[in-house]
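Here subunit A shows up in two complexes: once beside subunit B, once beside subunit C.
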Partner chain A sequence: MLAQIASGIGLTVVITGASLLIGALLGLPLVAARRSAWVPLRTLATAYIDIVRAIPPITWLFLIYFGLPQYALRLDSVSASIIGFSVIASAYMAETYRSGLLSIPQGQWEAATALGMKFLPRTRYVITPQAFKVTLPAIAAYAIALLKDSALASTIGVHEITYQAGLVSRATHQGLLAFSIAGLLYIAMSIPLALAARRVDRVLRQKLEVA
Partner chain B sequence: MELATERTASPPTVGGVKVLGLHKSYGKHAVLHDVNLDMAEGEVVSIIGPSGAGKSTFLRCLNYLEVPTAGTVTIGDTTVDAATRRPDRASLDRLRRVTGMVFQNFNLFPHLTVLENITLPQMKVLGRSREEANAVADSLLNRVGLAAKSDQHPARLSGGQQQRIAIARALALSPKVMLFDEPTSALDPELGLEVLAVMRNLADEGMTMIVVTHEMHFARDVSDRVMVMADGRVLELGPSEQVMTAPTHERTKKFLRAVLDR
Partner chain C sequence: MIFLDQWISWLPALSPGLGVSLSLTGLCLLFGMPLGLLLALMLEGPVKPLRVVALVVVEVGRGAPALVLLYLLYFGLPEGGVTLSAFATGVISLSWTTGAYASELFRSGLAAVPAGQREAAITSGLRGWSGFRYIILPQAIRISTPPLASLGVTIFQTSSLAFVIAVPELMSKAYALGSITFEYLSVFALTSVLYGSITLVALAFVRLAEQRLSRHL
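Then we have the complex of A and B:
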């Protein structure tokens, strides 16, 4: 029983990892647009972020998996879930980056600018390392939330942990055990993630905030 | 001494400052009215006056941290005219390259060590190698008396030490003009003294400096001229001794009485 449920770990990890990565990358141009001085671009980005976050994840999955085939875009369930979660993650990550950037004192931008550093080196070497420190806990929290949300992919037939537990439950009528095992597997994956993030966070903070 | 060699190594330009008809307003609210300043290379000008006078705004217009509404700023051989709808990036880059700025709150980069604070801009702005940048940083750290702190993060240092590092960071780019925005205002009086000592040395070595300050002794003893501002205007600009001891403007007299007779 454990073996069958655990066989879903691979897909759970793939969907979570891929969506987080794609979302993290898409979040970069998105936050740039969100902070743009050009109003139409900023409005568009704000609307995207708000709309994406207003729709429940499961609705997104159904929309992509059941909705797109009407336009002859038939996706397999794994791709559909990765696309759905990536879209959602991009909006959340953009907002996370934005709060990180807002936490950097204006003086840091000014000092780098006054030193003659241009936009890219300024962002890359002065702002990003500081913003990363601030956003890391939020990113880790979102990664864990996404890991749990990935269970929704079972509803469109992705053979991940929860889907496998469902199969086992129906076959053996031992639902309590099957879903408890599934729960333990999620715990086993999310707790180390949380601990690792806390550790990195502590190390980064120690480096900066000693007096 | 190190600074002297730095200067001769950079291309020969006239290091003076010329500001013509500088205006700055936020919407309808004008904060600078027709400010003019003409400085020779090596001159030190202190800007004093009550808070809200526009002193810092004026200084920040010189390197375009604030974009003036009108007027021209010339530093060395670079001129930027606010009338140009969008000043081209190249001129702004040049303007910032020839100016060094020191802020009230130091604004060191907290995630970098003292050494890295001084080397990063050199590598990214001037394209120096790490070795070159380290050598410049080492000599400057010696100059400001903080060579022993090079591997520390700024948070471990006192405010006075941080400000001396900030001065070293700006000097590392061999600016023609140094802009100081209330460099000692965030410091205990004692810590302020060590910063003022560094600035005094810099002035003695011939650096062109504009200093927004509330340190009246510095203004009188170190600067060549003092500019008094109030309500976004220049009240008077003259030899420091004369402005500080025999000001012509009634508003200046009132201000000086308030800061000196306490």
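Then we have the complex of A and C:
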């Protein structure tokens, strides 16, 4: 039983990891647009972030998996769930970045500009290292939330942990045991994530010599 | 607008589902919030066995996906000899999730009450429970209210998960409608609009209430 449920770990990790990565990358231009001085762009980004987060994840998955094939874009369940969670993650990551950027004093931008740094080097060498340190715990918290949300992929037939637990419970009629194992697996997977984040956070803090 | 005509004709089929989603959310908040407060008090309290029990309930409630908890109770309760309707199982399971998250919000609210308040309560002769009940708790609840309201909005979104255990809420009505009409994209787009508009309006109210509350602080 344990072996079959654990066989879903691979897909759970793939969906969580891929969505987090894509969401983290998409979040970068999104947060830039969200902070843009040009009002239409800012409004658009704000609307995107708010609307994406206002719709439940399961509705996103169904919209993509059942809705898109109507216009000939047929996706398998794994890609559909990665696309769905990437869209959701991009909105949450953009907000995470934004709160990180808000914590950096205005003087840092002014100082970098005064030194003659252009947008890219300023972002790369002055702002990002500081923002990253502040944002990391929030990113780790979101990664754990996304790991748990990835259980929803079972509803569109991805063979991940929850799906396997469902199969086992139907085959053996031991639903309580099967889903307890599934729940413990999720908890067990989020603990190393939390510990690793704390460790990296501490190392980064030492490196940057800040409290 | 063909889309709009379709949507208007579908609304009567979806609105009972929306009603179920809203009552599910309401019941989960009704049971989950007091549960959260109770768990927070158990965690902060002096009795060790209670603390351990509360810790397990909270950590499982927050650590395991809400979907897994739903399945766990849906398949697990009948095994223990308790047979409930899907709706009741959904209420219990989502109240567990609500309570687990709410307890952390109550706890951070309790931690945010300045230590001076505790000391002042003791000096005024309000020791132990009465000091806690009349001095600390009212302030903690006030601090916790905005995040608890946001949690309420999140729980409305989470209620969509009850679809998987065949609760006739909005998502399952939408799925049924989709499998009849084969207009999945349009049906789920309408569902997204319903969820999204209610969530955004509710969040706007939360923000307004937050401003009102913080005006006097």
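Here is the rule we go by: the second predicted complex is superposed on the first by the 205 of 211 C-alpha atoms of A that agree within 3 Å, B and C clash if a C-alpha of one lies under 4 Å from a C-alpha of the other, contacts with A are read in each partner's own complex, and residues count from 1 in each chain.
The rule is simple: a contact is a pair of C-beta atoms (placed from the backbone, for glycine too) under 8 Å apart; a residue touches a chain by one contact, two chains touch by 3 or more.
As the structure is a computational prediction, the values presented were derived from the model and not from experiment.
Enquirer: Between subunit B (first) and subunit C (second), which does A:Ala182 come into contact with in this model arrangement: first, second, both, or neither?
Expert: So A:Ala182 only meets subunit C here.
Enquirer: Looking at A:Gln108 after the superposition, I want to know if it touches subunit B, subunit C, both of them or none. Which is it: first, second, both, neither?
Expert: In the superposed model, A:Gln108 contacts subunit B only, not subunit C.
Enquirer: A:Met117 contacts which: subunit B (first), subunit C (second), both, neither?
Expert: The answer is first: A:Met117 touches subunit B but not subunit C.
Enquirer: State whether subunit B or subunit C is in contact with more residues of subunit A in the superposed arrangement.
Expert: Of subunit B and subunit C, C contacts more residues of subunit A.
Enquirer: Pick one for A:Leu68: touches subunit B only (first), subunit C only (second), both, or neither.
Expert: After superposition on chain A, A:Leu68 lies in contact with subunit C alone.
Enquirer: A:Thr162 contacts which: subunit B (first), subunit C (second), both, neither?
Expert: second
Enquirer: Residues of subunit C touching subunit A in their complex?
Expert: Interface residues on the subunit C side: 59-60, 63-69, 71-72, 74-76, 79-80, 157-158, 160-161, 163-164, 171, 174-175, 178, 182-189, 191-192, 195-197, 199-200, 203.
Enquirer: Quick one: which bits of subunit A touch subunit C in the complex? Just the residue numbers, please.
Expert: 50-51, 54-60, 62-63, 66-71, 148-152, 154-155, 162, 165-166, 169, 174-176, 178-180, 182-184, 186-187, 190
Enquirer: In the complex of these two chains, what residues of subunit A are touching subunit B?
Expert: For this pair, the touching residues of subunit A are 105, 107-108, 110-118, 121, 125-126, 129-130, 133, 207-211.
Enquirer: In the complex formed with subunit A, which residues of subunit B make contact?
Expert: For subunit B paired with subunit A, touching residues are 63, 65, 93, 96-97, 99-101, 103, 105, 107-111, 120-121, 124-125, 153, 155-156, 166, 169-170, 173.
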